[in-house]
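Across the two complexes that follow, chain A remains constant while its partner is chain B and subsequently chain C.
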Partner chain A sequence: MTLDWNVVWQYRADLAHGVLLTIALTVATMAIAVPGGIVVMLMRQSHVRAVSWAGTVFVEFFRNVPLILLVYWAFYVLPILADVQFSAFATGLVAMCLNVSAYNAETFRAGVNSIRKGQLEAAMAMGMSRSQAMRKVILPQATRRILPVLASTWVSLFKDTSLVSVIAVGELAHTALQIRSQTFRVLEMLTAMAAIYWALGYPQAKLVDWIHRKYGVTE
Partner chain B sequence: MDFDFSPIFDNWGFLAQGLWITIELSVATMVAATLVGIALGLGRIYGPAWLRVPLTFYVDSMRAIPVLVVLVWTFFAFPLLTGITLPPFWAALAALTLHIAAFVSEILRAGLASIRPGQVRAARALGMSGAQIVRKILFPQAVVRMLPAYGSLLSVTIKDTAIASVIAVPELMRQSETISAQTFRPIEVFTTAMLVYFLILFPVTRAVEAFYRRVAHLGRS
Partner chain C sequence: MASALTSRRKNADQPPVVLYDKVVKRFGALTVLNGVSAQVNKGEVVCLIGPSGSGKSTLLRCTNALEIADGGRVVFEGQPLPKTEAELRHVRRRMGMVFQNFELFPHMTALENVACGPITILGTDPAEARAKAQALLEKVGLGAKAGNHPSALSGGQQQRVAIARALAMDPDVMLFDEPTSALDPETIGEVLNVMKRLAEEGMTMVVVTHEMSFARRVANWVLVFDEGRVIEEGSPVQIFDAPTHARTQSFLSHLGWNG
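After this line comes the complex of A and B, so read on.
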C-alpha cells in the first residue's frame, strides 16, 4: 500500500477552515449555554409549579437523549417549527446549546446546593439581604466548585462538535470526511483528522486536570 | 401541518431490531470497557514506571479525541493498515471499548485516590500485603464511591452507541434514519426514536441514583 501524506498538506486551507468552525461552534455553544443553564436552573427553583416542572423536564430530557439524534431532529424539525430555513451551522448550534444548557443547569444547581444552608442563614442573620448573601457568600464558594465541572463540560463539548458533521456543518470532522471521499486517501485523511483533534484536545484535557487540581474541593 | 405516525407502526419490527442491537452493543461495550478499563487503571497506578507513561498517554489521548473519530478510524482506516476488515458491529464494539475504557480507568483511579492514605498506612501497620490492602481495604470502599461516575458513564455509553450509525451499524438510530428516508416522515420517526432513547436512559439514570443512595454509607470512611 502506498501512502501519500501530501494530501493533508494540499488541503491544509480546508482543514484550517474546519478547525476554525469547530472552535467557533464550541465557543458559541458555551457562550449561549452558560446563561442558558443559569436560566434553566432558576426555572427549576421557581415557586410556580409549571415553571419548575418545565425546567426539570428540559434538563432530564436533553441529558437523556443522544446528541447525534438531537442534531438530526433539530435539522428536520426546526425549519417546520420556526418556519425559517436555518443554516446547518445554526441548526448544529441549537442542538448543541439544548444539550449543554441542560448539563450546565445541573452543574450550577449542584454547585449552589453544595454550599451548606447554614451559611445562607448565618449571612441573613448578620443582616445581609438574600441577594447580598447569595452574591457575597454563596456564589464565590459555589464558583470554585462549578468551574472544574464547567471545564470538563467544555472538553466534552469540544469533542461533541464533531457530531454536527452528520448534517454537513463544515467543521473539522465533516471537512476531513469530505476530503477523504474526494481523494480516496482514507487512511491519511482519517489519521490526520484524529491527529488534529488530538493536538487541539490534548492540551485542553491537561488544562482541565490542572483546573481540577487547583480548584477541586477535597473533603 | 399534519402528522402521520403510521410509518412507525408499519415498521415497528424493523425499529425493534434496531433497539435490540442498541441494547446488545451497549451491554457488550460496557462489559468489555469495564474489564479493559480496570486493567488500564491498575496498570497506571500499580504498574512499573515504563508501563505508566504509555498508559497515561493513551488515556489522556482518548479523552481528547471525539468518539466519532475513533469509530470512523477503526472502521475505515484500520482495515487498510492491517488487512483485517471488521464488520460494523464489531468495529463499533472495538472503537467504543477503546474509548470508554479510558474513562473507566480514570474513574477507578479517582475512586482509589479518594481513600485517605492513612488507611493504607494503618493496613500496612497491621501487616497486610499490597495486594491484600487493595482487595480488602481500598476496593470495597472505592467501588461504592465510583458508582455515580460509573452510572453516568453507562448512560454515556448508551448514547454513544447512536454514533455507531455513522458506520452503518443497524442500531436504533440507523434504523430510524432508514425509515425516515423511505417514508419521508423524519419528524415523526426521529421524535419517536428520541422518546425511546429517553425511556431507556431515564430509568437507567434513576436506578443508578437510587442504588447509590442505598449503598452510599458503605463508601464513607
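After this line comes the complex of A and C, so read on.
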C-alpha cells in the first residue's frame, strides 16, 4: 500500500476553509449559548411555576437527546415548524445552541447554588436588594467558579461541531470526508483530519488547564 | 417587680431601640421561639446566652428579618418591622450584622468589603467611601491589611474586617451572631477587644455568645435562653453570681463556670 500525503497539501485551501467554519461554528454557538444558558437558568429559578417548568423541560430534553439526533431534527423538522429554509450552517448552529444552552444553564445553576447562603444573607443584611446582591456578590463569585467548566464545554463543543457534517455543513470534518471520497485517499485524509483537530484542540485543552489553575476556587 | 428590674437598666427612660413582643418562630413542626419578649435600650450591650438550639440566633436573625417571625412583633425604633422586601432593605441598612463565619466577600479586598455597602447601597462617592473604609480598618487595627483578600487574613482579622464592614453603614444597632465561635482561641481576644471598645463608645449591641467572660465583663443585660424562651434575664452580676433558675444554674455549671 502506497501512501500519498501530497493530497493533504493539494487540498490545503479547502481544509483551511473547513477549519475556519469549524471555528466560526464554535464561536457563534458559545456566543449564543452563554446568554442562552443564563436565561434558561433564570427561568428555572423563577417563582412563576409555568416559567420554571418550561426551563426545566428545556434542560432535561436537550441535554438528554443525542446531539446528532438534534442536528437531523433541526435539518428535517425546523423548516416545517418555522416555515423557513435555513442554510445548513444556520441549521447546525441552532442544533448546537439548543444542546450547549441546556448544558450551560446547568453549569450556571450549579455555580450560583455553590455560593454559600451566608453570602446572600450578608449582602441582604447590609441592605442590598436581591439584584444588587446577585450582581455584586453572587455572580462575580459564581462566574469564577464555573469558568473552568465553561472552558471544558468549549473544548467538547469544538470537537462536537464535527457532527454537523452529516447535514453537509462544510466545516473541517465534512470537507475532509468529501476530499476522501473524491480522491479515495482514506487513510491520509482521516489521519490529516485527526492531526488538524488535535493540533487545534490541544492548545485549547492546555488553556483550560491553565484556567483551572488560575481560577480554581481558593477560599 | 418588672419596674424594679427595668429601672436598673441603662437608658431605661428612653424608648428601646429594639423591642421583641411575644415573638414566635417555627421551622416546620419545630417551635424555635415560643413567645419571646425582651427589649434592647439605647447604648446597651445585651448578651443572649443559653444552650445550642435554644433560639438565641433565631431571635437575632428575626431582628433584621433574615428570618420572618411567625407570631408577635419585632419593633425597631418604635416601628414594627415592615412586610415588604423593599421597605425591609431600608431598615436593614440601620442594623449592622456580624456572622459566625464572617461571610466576607472573597472576591473583594478588605477595603472593598468595607466600602462596597456605602457605594452600592447608599450611592456614596467611591473615593469618600474608600477613605472612610480605610479609617474603619485602622479603627479595628487592620489599616495595613486593606489590600488583602479575605483568604490572606486570619480568622480574627477577617472577623474584624466584617465588623468594620458593618460599621461602614453607620448602623444604630449591631447584631453579633456568635462572632468568635469559628475562631482559634488565639484570635478570639482581638475580636472581643474590638467589640468591647465599640461598647465603650456607646454602640447599641445585641450579642449571641458562648463567651461568658465577655458577657460578664461587657454586657449591661443578659438574656438566658432555653427551649425557645427567655427563662431568666438580669444584670451580668445577677445572672452569673446568683442565677435563680435551675436551668441557668446547670447551664453555667456545665460550662465550667465557677463564679
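We take it that the second predicted complex is superposed on the first by the 217 of 219 C-alpha atoms of A that agree within 3 Å, B and C clash if a C-alpha of one lies under 4 Å from a C-alpha of the other, contacts with A are read in each partner's own complex, and residues count from 1 in each chain.
Quick note on the criterion: contacts are C-beta pairs under 8 Å (C-beta built on N, C-alpha and C of every residue); 3 or more make two chains touch, one makes a residue touch a chain.
Remember, predicted model here, so these are calculated numbers, not experimental data.
Chain B and chain C, once both complexes are superposed via chain A, fit side by side. Look at A:S162: by the touch rule set out above, it reaches chain B but stays clear of chain C. By the document's definition of touching, of the two partners only chain B reaches A:W198; chain C does not.
Contact with chain B, but none with chain C, is seen for A:P66 once the two complexes are overlaid on the shared chain. Of the two partner chains placed by superposition, A:H17 touches none, neither chain B nor chain C.
Of the two partner chains placed around the shared chain by superposition, chain C is the only one that A:P140 touches, whereas chain B remains out of contact. Ranked by how many residues of chain A each touches, chain B and chain C are led by B.
In the superposed model, A:M126 lies in contact with chain C only, and not with chain B. Overlay on chain A (Cα): least separation between chain B and chain C is 19 Å. Within the complex formed with chain C, the chain A residues making contact are 116, 118-119, 121-130, 132, 136-137, 140-141, 144, 218-219.
Those residues of chain B lying in contact with chain A across their complex are 1, 60-61, 63-70, 72-73, 76-77, 80-81, 155, 158-163, 165-166, 173, 176-177, 180, 186-187, 190-191, 193-194, 197-198, 201-202, 205. The part of chain C that touches chain A in the complex is made up of residues 64, 66, 85-86, 89-90, 92-93, 95-97, 99, 101, 103-107, 116-117, 120-121, 151, 165-166, 169. Those residues of chain A whose C-beta lies close enough to touch chain B in the complex are 1, 60-61, 63-70, 72-73, 76-77, 80, 155, 159-163, 165-166, 173, 177, 180, 186-187, 190-191, 193-194, 197-198, 200-202, 204-206.
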